[in-house]
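Here's the structure, in C-alpha cells; my notes come after.
As written, the chain order gives the labels A, B and C, with residue 1 at the start of each chain.
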Amino acid sequence: MANRVNKIVLCLLALPALLVPLLCLSYLLMRGLPGLDSSFFGLSTLEQNRDGASLSNQHGIVPQIVGSVLLSALACSIAMPLALGLSLFHQLYAGRHSRSFMAHILTTFQSIPPLVYGLCGLVVFVHLLKWGISLAAGAIVLAMIVLPVLTLNTIHALERIPLALTESARSLGMSAGQIIWHVWRPKAWRSLLTGLFLALARTLSETAPILFTATVFSGVIWPDSLLSPVTSLQTHIFYLAQEAVDERILAHAWSSALILVTLVIMFSVIAHFLNRHSAKQ
Amino acid sequence: MWLRSWIIFSVIISAALIVLFVGFLANASLPFFADYGLSPIIGSEWYPYEDLYGFLPALLGSAWAILIALAIALPCGLATAIVSVELLPQRYQSAVNLCIDILAGIPSVVYGLLGIALLLPWLESNLDLLSGHSLLAAGLLLSVMILPTITRLSQDALHDIDISYREAANNLGLNWSQQLISVLLPQAWPSIRSASLLATGRGLGETIAVMLVVGSIDRIPEPWYNLLAPAQTITSRIGREMGEASVGSSQWSALMACGLVLTLAVTLLSLIAHTPHKRMAHG
Amino acid sequence: MNTIHNSAQAATSITSLSEKTDSQSELLPAQNIRVQVNKLSLKRSGRLILNKLNLRLLDCGITSIIGPSGAGKTSLLRCVNGLDKDWKGDITIDGIASKRWPKGEDALRQHIGLIGQKPTVFPCSIANNVMFGIRGKLRKKDNSELIEHCLKQAALWDEVCDRLDHNAQTLSLGQQQRLCIARALAVKPAVLLLDEPTASLDPRSKNKIEASLQSLSKTMPIVVVTHDLEQVRRLGGHTLFMCDGILIEQANSATLLDTPQRVETREFFQWSSCDCPPEENE
C-alpha cells in the first residue's frame, strides 16, 4: 500500500517535467504559427509597414535569421579547431597532472555564466581593441562559451576509443598523424559531429553574451564586414519582449521565437540522431 | 609537423583566452573595490546616480530566486529521474528523455517570452497583484530551466548504480520504497548533490529570462521575505545597466564587480560539485 | 702457427672474462648480436618494474621469456619496442642506440614488431588490416602480393584467401591473432616480439601460431613471452627466466626446463606444475 502511494506521489512530482515542455511547445506553436506569413519572411512587400517601421523592413525576419546563424557558425568554426587541438594535446602530450589540471580548468570555465563572458568580450573586444559592437566580437565571445563544452566532448570521444587499438597502431610504427587519421577519425567522427551540432544549438540559444557585444536592434540589415554589428533572432525577441504591450509586436516576437526554437531543436535532433548511431556502432 | 604546430597553437590561444578572461575581469572590477572597499557587498542601496552601490538587494534577489527554483526543481527533477529509470519500461524512457531534451533546448529568451505571456498574467490574477513581475516569477521560471540539468544528472547517477546493489537489496526482501530509500538514493546521493550544485550555478548565471520577469527594482523587498514584489538579481542588474553605463565610470566598474562576484560564486559551486564526496572517498 | 694459437687463446680469454655468465654466445658463436639491452631499468609509480636488466638477441631463433606475473616481461617488450619511453639504461638495435634512432621512434617501432596478448583488429577489412601499418607508403598494385605473402607467413592465407574484403572482426580469436602477426609482418620488422600470443586461444590455433613462429624464426629473432611451459619446450630455442624485473637465469630451453640452476626457477616450476592456472598478465 505504502509502495503504491509512494509511486503515485513520485509520478505526480514527475508530471511537470513532462507537461511543461508540451505546454511550452504547443503555446509557442499556437501563438507563433499565425504570424508566419509571407510578409514575415519579407517575401511580399505589400504590408511591409504593418508592424511599424522599427520592426519590419522589406527583408522581414531573414536578416535576423542570417545574423544568428552567422554568429553560431563563426563561433563554432573558431571553437572547433581549438577544441580539437586542445583535446589532441590532452591525449598526446599531456602528462597525468596536466590532464587533471586541464579537466579542472575546463569544467570550471564551463560553469561560468555566459553573461560574464559577454562582459569580458565587451571590455576586451568592443572597447579595448576598439572593434565596436561587431560580428567578430560576438563570435569570439560565443566561441569562448562553447570551447570548454566542445573540448570536453572531444576528449570524451577520444577516450572512448579502446587503448588497445591505439597501442597496436603505435606498435606498428604509425606516426601520431597516421593514428589520428586512420584509427581515431573513423571511431570518433560521429561523436565529434554530435558535439558540433550541440554547440551550434547552444550558441543559437545564448542571448545575454551577444546583447552588448554583437547585436543591435535596428539600423542594420546585412553585416558588411566582420567588424560591423548584426541583428540576431535571440536579441530581436528580447527587445520585442521588453516592449510587451502592443499585441502586434508580441505576435512578431512569437513568430521569431518559433523560428529560433525550430532552429535549435533541428540542430539538437541532428546531434541526437548522430549520437544514437554512434552508440549502435 | 603541422599537427604539432596546430596543437601548440590551439593550446597557446586557449591559454591566452583564459588569461585574458581572468585578467580583464579582475582589471575592470578592481577600481571599484579600490574606491569603495568591500563594504558595498552588504550595502542595501543601489543608486548609480548618487554613487551608491550596495550589492545586497541583488544578492538577496539571486538567492531567493535560486532557492525557489531549487525547492521546486529538485523534488520534481529527482522524481522524474526515478520514475523514468526505475518505474517506466525502456520504451517510455526515451519519451521522457525527449521531453527533457525539449525543455533543455528552449532558449532562455523564449522562456522569458513564455514567462511574460503565461506566468505573469497567471500570477497577477491568482495572487491579486498589480504586476506579476516578482522574485516568485523568476524562481518559477528558473525552476523550469534547471529542471533538465537535475533530471539528467540524477538519471545518470541512477543508471550508474551497480546491479549487484539492486540484487542485494532484492535478496534482502526489501520492497520497492525501502530499496529506493535505503539503497538507491544513498548510492546516487553524491551525484545528486553535485547535480544540484551545478544546477544552482546554472540558475545563478541565467540572465535573459530572469531579466524579463523579475521587475528590475533595486530595493530589498518589504519585508525581506516578500517574494511577490518586483526585485533584482545580479544577472538582471548587469543585463539592464551594462548597455547604459559609460566605459570606465564607477557604475561600469561596479557592474564588472557584480560579474566578478557572480563568477567567484559559480566557480566555488562548481569546485565543490566536482570534488569527490567524502563518503565516496571512504568507500 | 704460434701467433694463430696465441690470438685464439686471447679471444677465448676475452670471452671468458666478459661473458662468463652469458651462455648464449657459446651456444651460437657465429651470429651477430641484433638487440642488446644493457642495465635496463623502469620505474612505475615508485615501483621498480625492471631492475638493471641485461639481454641480447642474436640473428635468428626463438627466445622465450617465462616468469611469474608482474615480473616485468611485458614491460621489457614495450621498452624494446619503444611504447614505453621513460626507461633508463641502453637498448641497442643493430648497433644503433634506440633512443637515437635515425628516423624517430615511429621508425623504431616499425623495425621492431610487437604483438599484444589480446588480438586487436581494426574495424575494417582483412586486407586493410594487413596493410594498416604501411598505408600510404605503397602503391596499390603491390598490395595483393604482399598481403598474400604476409598472410601465408602467419599461416592464415588458406582460411581467408576467399574473403579478404570481409570485416576482420568476423574472424575467430585465433584467426584474429594470426591476422595481427601478418599485420606486424607487413611492416617488415627486423625483430618480432610477442606478448603471450596464445594466452586466450584454443589448442589448434596455438599449434598454427607456433608453427608459423618457428618458420619465421629462421629469418629473424623472435621473442615470445609465455606462461605455457609446454609451449616453451615445443618452441625450442633459448629461454630466459625473469622474476621481479631481474633476469634470473637463461639457457637452452630444454636445459632450463629440465635442470634449472637457481632456486627461484625451481620454485616457479613447482608452482607451475601444480594445477593452478597461469595468472593473467596485464
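As a convention for this text, a contact is a pair of C-beta atoms (placed from the backbone, for glycine too) under 8 Å apart; a residue touches a chain by one contact, two chains touch by 3 or more.
A quick note: this is a predicted structure, and the numbers were derived from the prediction, not measured.
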- [ ] Name the most central chain, where centre means the mean of Cα atoms.
- [x] A
Open item on the list: Taking each chain's centre as the mean of its C-alpha atoms, which one ends up farthest from the centre of subunit C?
Closed with: B
Task: Inter-chain centre distance, subunit A versus subunit B - centres from mean C-alpha coordinates, in Å - done: 18
TODO: Let me have the rounded angstrom distance from the C-alpha centre of subunit B over to the C-alpha centre of subunit C, please.
DONE: 58
TODO: Measure off the straight-line distance from the CA centroid of subunit A to the CA centroid of subunit C, and report it in whole Å.
DONE: 52
Open item on the list: Under the definition above, what is the set of subunit C residues touching subunit A in their complex?
Closed with: 81, 83, 106-111, 113-116, 118, 120, 122-124, 132-133, 135-136, 180, 183-184, 187
- [ ] Can you check the complex and tell me which residues of subunit A touch subunit B?
- [x] 2-3, 6-7, 9-14, 16-18, 20-22, 24-25, 27-28, 31, 81-86, 88-89, 92-93, 104-105, 107-117, 119-120, 122-124, 127-128, 144, 147, 176-177, 180, 201, 204-208, 211-212, 234-235, 237-238, 241-242, 244, 250, 253-254, 257, 260-261, 264-265, 268, 272
Open item on the list: Could you list, by residue number, the parts of subunit A that touch subunit C in their complex?
Closed with: 162, 164-165, 167-175, 178, 182-183, 186-187
TODO: Can you check the complex and tell me which residues of subunit B touch subunit A?
DONE: 3, 6-11, 13-14, 17-18, 20-21, 24-25, 27-28, 75-80, 82-84, 87, 96, 99-103, 105-114, 116-118, 144, 147, 151, 175-177, 180, 198, 201-202, 204-208, 212, 235, 238-239, 242-243, 247, 255-256, 259, 262-263, 266-267, 269-271, 274
